[in-house]
Amino acid sequence: MKKLVLTGAAGRLGSYLREPLTQMCEELVSTDIAEDIGTLYPGERYEKGDLASLDDMMRILEGADMVVHFGAFVDEGPFEQLLGPNFIGAYNVWEAAHQRGLRRVVYASSIHAVGMYPKNECIDTEVRHRPDTFYGLAKCFAEDLGSMYWDKRGLESVHLRILSCAQVNNARALGSWLSYDDLIQLVQRSIDTPVSGFSIVYGVSNNDRAPVDNAKASFLGYRPKDNAEQFAEQVLAETGPLDNQDPGHMCHGGPFASVDLGQSGLAGMNVIDDAKKT
Amino acid sequence: MKKLVLTGAAGRLGSYLREPLTQMCEELVSTDIAEDIGTLYPGERYEKGDLASLDDMMRILEGADMVVHFGAFVDEGPFEQLLGPNFIGAYNVWEAAHQRGLRRVVYASSIHAVGMYPKNECIDTEVRHRPDTFYGLAKCFAEDLGSMYWDKRGLESVHLRILSCAQVNNARALGSWLSYDDLIQLVQRSIDTPVSGFSIVYGVSNNDRAPVDNAKASFLGYRPKDNAEQFAEQVLAETGPLDNQDPGHMCHGGPFASVDLGQSGLAGMNVIDDAKKT
Amino acid sequence: MKKLVLTGAAGRLGSYLREPLTQMCEELVSTDIAEDIGTLYPGERYEKGDLASLDDMMRILEGADMVVHFGAFVDEGPFEQLLGPNFIGAYNVWEAAHQRGLRRVVYASSIHAVGMYPKNECIDTEVRHRPDTFYGLAKCFAEDLGSMYWDKRGLESVHLRILSCAQVNNARALGSWLSYDDLIQLVQRSIDTPVSGFSIVYGVSNNDRAPVDNAKASFLGYRPKDNAEQFAEQVLAETGPLDNQDPGHMCHGGPFASVDLGQSGLAGMNVIDDAKKT
Amino acid sequence: MKKLVLTGAAGRLGSYLREPLTQMCEELVSTDIAEDIGTLYPGERYEKGDLASLDDMMRILEGADMVVHFGAFVDEGPFEQLLGPNFIGAYNVWEAAHQRGLRRVVYASSIHAVGMYPKNECIDTEVRHRPDTFYGLAKCFAEDLGSMYWDKRGLESVHLRILSCAQVNNARALGSWLSYDDLIQLVQRSIDTPVSGFSIVYGVSNNDRAPVDNAKASFLGYRPKDNAEQFAEQVLAETGPLDNQDPGHMCHGGPFASVDLGQSGLAGMNVIDDAKKT
Amino acid sequence: MKKLVLTGAAGRLGSYLREPLTQMCEELVSTDIAEDIGTLYPGERYEKGDLASLDDMMRILEGADMVVHFGAFVDEGPFEQLLGPNFIGAYNVWEAAHQRGLRRVVYASSIHAVGMYPKNECIDTEVRHRPDTFYGLAKCFAEDLGSMYWDKRGLESVHLRILSCAQVNNARALGSWLSYDDLIQLVQRSIDTPVSGFSIVYGVSNNDRAPVDNAKASFLGYRPKDNAEQFAEQVLAETGPLDNQDPGHMCHGGPFASVDLGQSGLAGMNVIDDAKKT
Amino acid sequence: MKKLVLTGAAGRLGSYLREPLTQMCEELVSTDIAEDIGTLYPGERYEKGDLASLDDMMRILEGADMVVHFGAFVDEGPFEQLLGPNFIGAYNVWEAAHQRGLRRVVYASSIHAVGMYPKNECIDTEVRHRPDTFYGLAKCFAEDLGSMYWDKRGLESVHLRILSCAQVNNARALGSWLSYDDLIQLVQRSIDTPVSGFSIVYGVSNNDRAPVDNAKASFLGYRPKDNAEQFAEQVLAETGPLDNQDPGHMCHGGPFASVDLGQSGLAGMNVIDDAKKT
């Protein structure tokens, strides 16, 4: 591959992907809304861009083969706050990818697109959407967008429904953890699979308690290696009894499933601590 | 019911609903972006409002029990054109409905949310989204929005995936036709069903060739009476051989399934004749 | 058919079946725990018997071809109260039927075997049990019993999951009503079908709002004729807004789905008015 | 349509189709292995041909738009006997249809392609094959052939799995009957549907006891009018108790499901009376 | 966890659980109908109790957090024999658990709840019940009971459908074996999972030939380590040809699937050797 | 086992099976159409035979317990060329196996029976047939044949849908590879499983990218050990961009899915290089 683009390169997950992605292409163009992202890796170039600007995306995707789209506002917030980066941003990436003739979008979707399913109901990659937040709603939007661009324009996309990619410090994470190594493998498989069409896959490590089923995406070859069970004893010891009538404990979406949308809807930023994020 | 709101009251389908809806409530508030909609029916009041304005929706929905949301840009167009009325508009209606304490949104969704399925694959109300256009993508968005507001806030919604509600003058319409009388019945059932939760139902008459399955929404009690087969002989006589490699003929979405998004995406309005619309 | 047995002949539904059943056999033996059931129909004989007594069942089923088993305690009550007539009674009927060489049991099962499913989720005849009461639990028991006697001993059974067979005076009944005529047809089909194996079918009229799906039992030939929609206008006019967080309004089981088991479990009889039964 | 071909025109079902098919085209070419088929209808031409000869099929299908393929050996027999007309014959029809550029094959498939399913298990049009005889096995073969020619060559086909098309004189026929009028409607719909792709539909009348589900083929618009229930009282009165361990009574295939293949396999013609045939 | 109760502590499986369970709580109360169970482990207390007595269960469960319910008559027997310990006993445990405010019941269910499915049909945890014995019927009863107490009262339960937990000395056990270590892990996961709702999971080791699918219960984190394949060579060498028309060899339930209920039904104890037990 | 028969013993896959199969029986009779197959293994006997001759099969299967049927024309070709060895040959093997009282046929079926499914749609062992070639059509035929002989005559069969068993030198093979060791294990499991009924299983190694799901055949105990991922880096480096509109790259059947049947149909042998073969 000649040119690969990574959006959200200044973000937490994006930062972890930069180095490995340089190994998969001649030139990695990292982009984000920040002025710069510090020292670059060999083969990497940084180009500032705003997801909410189609012109920016058109410029940055020119000549690229694929785009790894991780750029977004990465927390729940009022719809107005997510509209630009998460909704319009996704449209701009797909539309620019199409116009620039890219082959594939690899997209950081999220469990929050289906976060309202009860956790003791294992979900596969074909269940209908049940978003738990505006954040999850934006992921649903991008998945449907990807479906349409594949059906109508032959632009491929792989949608990585990441469960949680952060320190394992709560009971939910014993099932939902995606290690950085497994994240990297997942992105690599999504890139190197020769043909993908429109595909959805859960981003989760090989946890004993992983509550989702990737069988229908098996052709991708994603085989996670890490297992959060190593943290189980300590985490469970620190976990008090949980309220099983609270969607935050019973649903796939975790805290996002119980957050009060009424608060987030119009009243500004809804700060949720790091470990609860995607 | 005391107060019922109808959006899109100046539109083709909205116009047909005004009179019947006045029979179901003490006061029908019709709204649209037009200055006025002509003579009002007894019990009807008109209030101008812009779907893209949350303030307008907050004002108009105040004190209402339910809203019948038919307002939208009703054709395929560039994403930019649909963003305001169809995406943000839907958000505004649901958010205002929530804040104003309404019980239910009855929404004009569309077959175009799943238009890319082949027509010889009968689809039920639980298949995943496969939109055929930006127009269909907006319907997907509103369905997911409705799912979230029900799961998180207890706001009910019934999503009417209308197949086609226009003159039967082509072969597809023999299966997809929704008569005006059946449209009215469908909206009535969606309103008078005592509890609905989040529900999806196809809007189609009792056509011999109806290609969709409403079994899973049976509790609504929608039993269409009309049948497009009365037009079959004439329509088929005028239909030349159709290209079965063309999604416009093989898919549920009909012409929308084969329209070139590349053209509509950035190049302005894509005029499609009336009979092809939802 | 020579001899047919009807249990629960003194009950409300049993009373309606006596006359029609005499038309289907040379001798109808009606049985119940009462001393007598009044005037008998031509071809009918009454024999007192206690379901909780295997000896009684052995005596009464001797020489019979089939048994229509409608006898039970027909309301929710403490487990202790239902144990005899509904659990042990069902065992006695099946075991006696087996030992006496009967061909088939036609059983009055109930929607309450699956009453905890939400009503806007149409259920077919293969969903797993979700009983809403001890009453429903006893129906689950008898269905599983019937499955086993068919698989192991070749004793057929048809399980009629009756939704509600009473006056249509509430919103739920618009969907759940089973008219007496349709009940009779349902029992007749269950008897005259030449082979039945183990089968489950919902007992509901041809209501516009029927929330269940009998497609998988189509071979039985049950085609209900009545439709509760005739009562819709009046019933809905008298129905106030319903709480959609109450299982009694959102679930198939209706009032049984929201009844407090804690009360019924040990504290004696839980009186529910007639229209809420079965 | 200019030219339509009917194979098996001298057969029982073929004979019924000749006249109606002349109404659907400018020229109907009827073909069979017989020397002639008596008086022709206006617009009909007879051409003798052997299904087992590709040359014959190439000649007869030249210039045709569609072929209604009902020609076959229509009873169970040794594999050797069915090989020519039913297997090779089907191949010849599809291959010639492809080479001659026809649009569609309408094929008389049979319930015997899935005859080993128990009758109290309602089957839809997507279950895997479970043939009950060599006759049924040939139907499986032709369905798979049709699937391949559609997927690889764009040649459409509609496969009519006829249950039984004969006098209603046994209990099975109460469910399986296909009246001649409904047969004609079924063939007409299969011809006049503008696009069909590869489709399967059960050929059965609107019988109360019909044990199959055509929901997935609804786009075809087949709505049978006749109902074998009119014969139920008399037929059931004459039906003795049936052995529910006999596949001939418990399975969809009826007598074919219990016929001893060991006898038919090598020992020559297996004569089954008329009413038992497809 | 403060107090954990184990029923059936004197039984074969119960005995293996006592020591590991003491590691999971401050106090383990072991109970059974025996006078004593020998030397106790540190942290263990024994309390005699009869499952058939609600008073006993109320007394023993007082103050407990969870109960591991393994007490039952553990063989096939006449219904009368199982009624007390297996049916009424299960009711008493759930009702007392509810009244005493426990969080969860971990229950020794069994493959015999679904034993009549053919073994070459892999079954998941959502198939409908198909019990093979009265023993299995009691397991169905307790599963339905657990479903109801969760739906109605928020009492959680995990139902362990144990396949066979005994020496691997026959061909069936190559697939059905549950090692003691894996049994212990399974019970541990069912206890330490923070929320469980109502869940079903198969109790089987990581056997190459395991014929069941636990994917839908993946959130529990049960990952068995042992594999009966180590015994395959020897066991298969000693296995003569098996009759594939015998449910005892073709069905999941093994010998229980072919046992003659007619014998067990009324004639007293049906002794089956140890290896055939659950 | 006393006598085991292997057909296609001179073929590529057959050759690999000869030695291992001699370990599983007292006498292995290898057969093929060749005059001889070189040096025999201890316990092996060679007997020339033509699959297209029932007499040959009757002679060779006499006294055998099972037959491993790998003989066939192993490439796509005109229907006429496959008719003898692949269609009639399969019939002869099953019919002779039945007449000679064998217990089981282990059959080399192929992914090409379902080759037209898109690769990003993971397929299980119950999907309907979608053959990609005449070669695949013959596999469909034999599977249906096996289903019938099991349902009607109790003759077991295990159908191994081999994906590709050859050097891993293209991208598809990273998912489809079946190593020789895993092939041998698969055949062994199919032979030593005590009862099999009619079963289908995919023949594929434990590849990270394996695109099929064997969960429903888990009772067989097939657990492949090899993994084509070891070849991924090199193979992918040599793979240019693939056309995702080409069924040869998007479908399970690989090159067979895009081969022009029109060419193979009548014009003689269609040579495909070795690595593309089953």
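Each chain gets a letter, A, B, C, D, E and F, in the order it is written, and its residues are counted from 1.
Assume a contact is a pair of C-beta atoms (placed from the backbone, for glycine too) under 8 Å apart; a residue touches a chain by one contact, two chains touch by 3 or more.
None of the values given here were measured: they were computed from a predicted structure.
Q: Which chains sit in contact with both members of the pair chain B and chain D?
A: Common contact partners of chain B and chain D, which must touch each of the two, are C.
Q: Have a look at where chain B meets chain C and say same if over half of the interface residue numbers show up on both copies, different if under half do.
A: Since fewer than half of the residue numbers are used by both chains, the interface counts as different.
Q: Work out which of B-C, A-B or C-E repeats the contact pattern of B-D, with more than half of the residue-numbered contact pairs in common.
A: Comparing residue numbers across B-C, A-B or C-E, the repeat of B-D turns out to be B-C.
Q: For the interfaces A-F and C-E, which has the higher count of C-beta pairs in contact?
A: C-E
Q: So what's the Cα centroid distance for chain D and chain F, whole Å?
A: Comparing mean C-alpha positions, chain F is 31 Å from chain D.
Q: How many angstrom lie between the CA centroids of chain A and chain E, rounded to a whole number?
A: For chain A versus chain E, the centre distance works out to 41 Å.
Q: Could you give the separation in Å between the centres of chain A and chain C, each centre being the mean of its C-alpha atoms?
A: 51
Q: Counting only residues that touch at least 2 other chains, which ones in chain F make the list?
A: 215
Q: Please list, in label order, each pair of chains that touches.
A: Pairs of chains that touch one another: A-B, A-E, A-F, B-C, B-D, C-D, C-E, D-F, E-F.
Q: Given the complex with chain B, which residues does chain D contribute to the contact?
A: By the definition above, chain D touches chain B via 103, 154, 156, 192-199, 215-223.
Q: For the complex, give me every residue of chain D touching chain C.
A: 118-122, 171, 174-175, 207-213, 215, 229, 232, 236, 239, 241-242, 244-245, 249-250
Q: Once bound in the complex, which stretches of chain D touch chain F?
A: Chain D reaches chain F through residues 79, 83, 87-88, 91, 95, 98-99, 116, 126-133, 136-137, 140-141, 143-145, 147-149, 151-153, 247, 261-262, 265-266.
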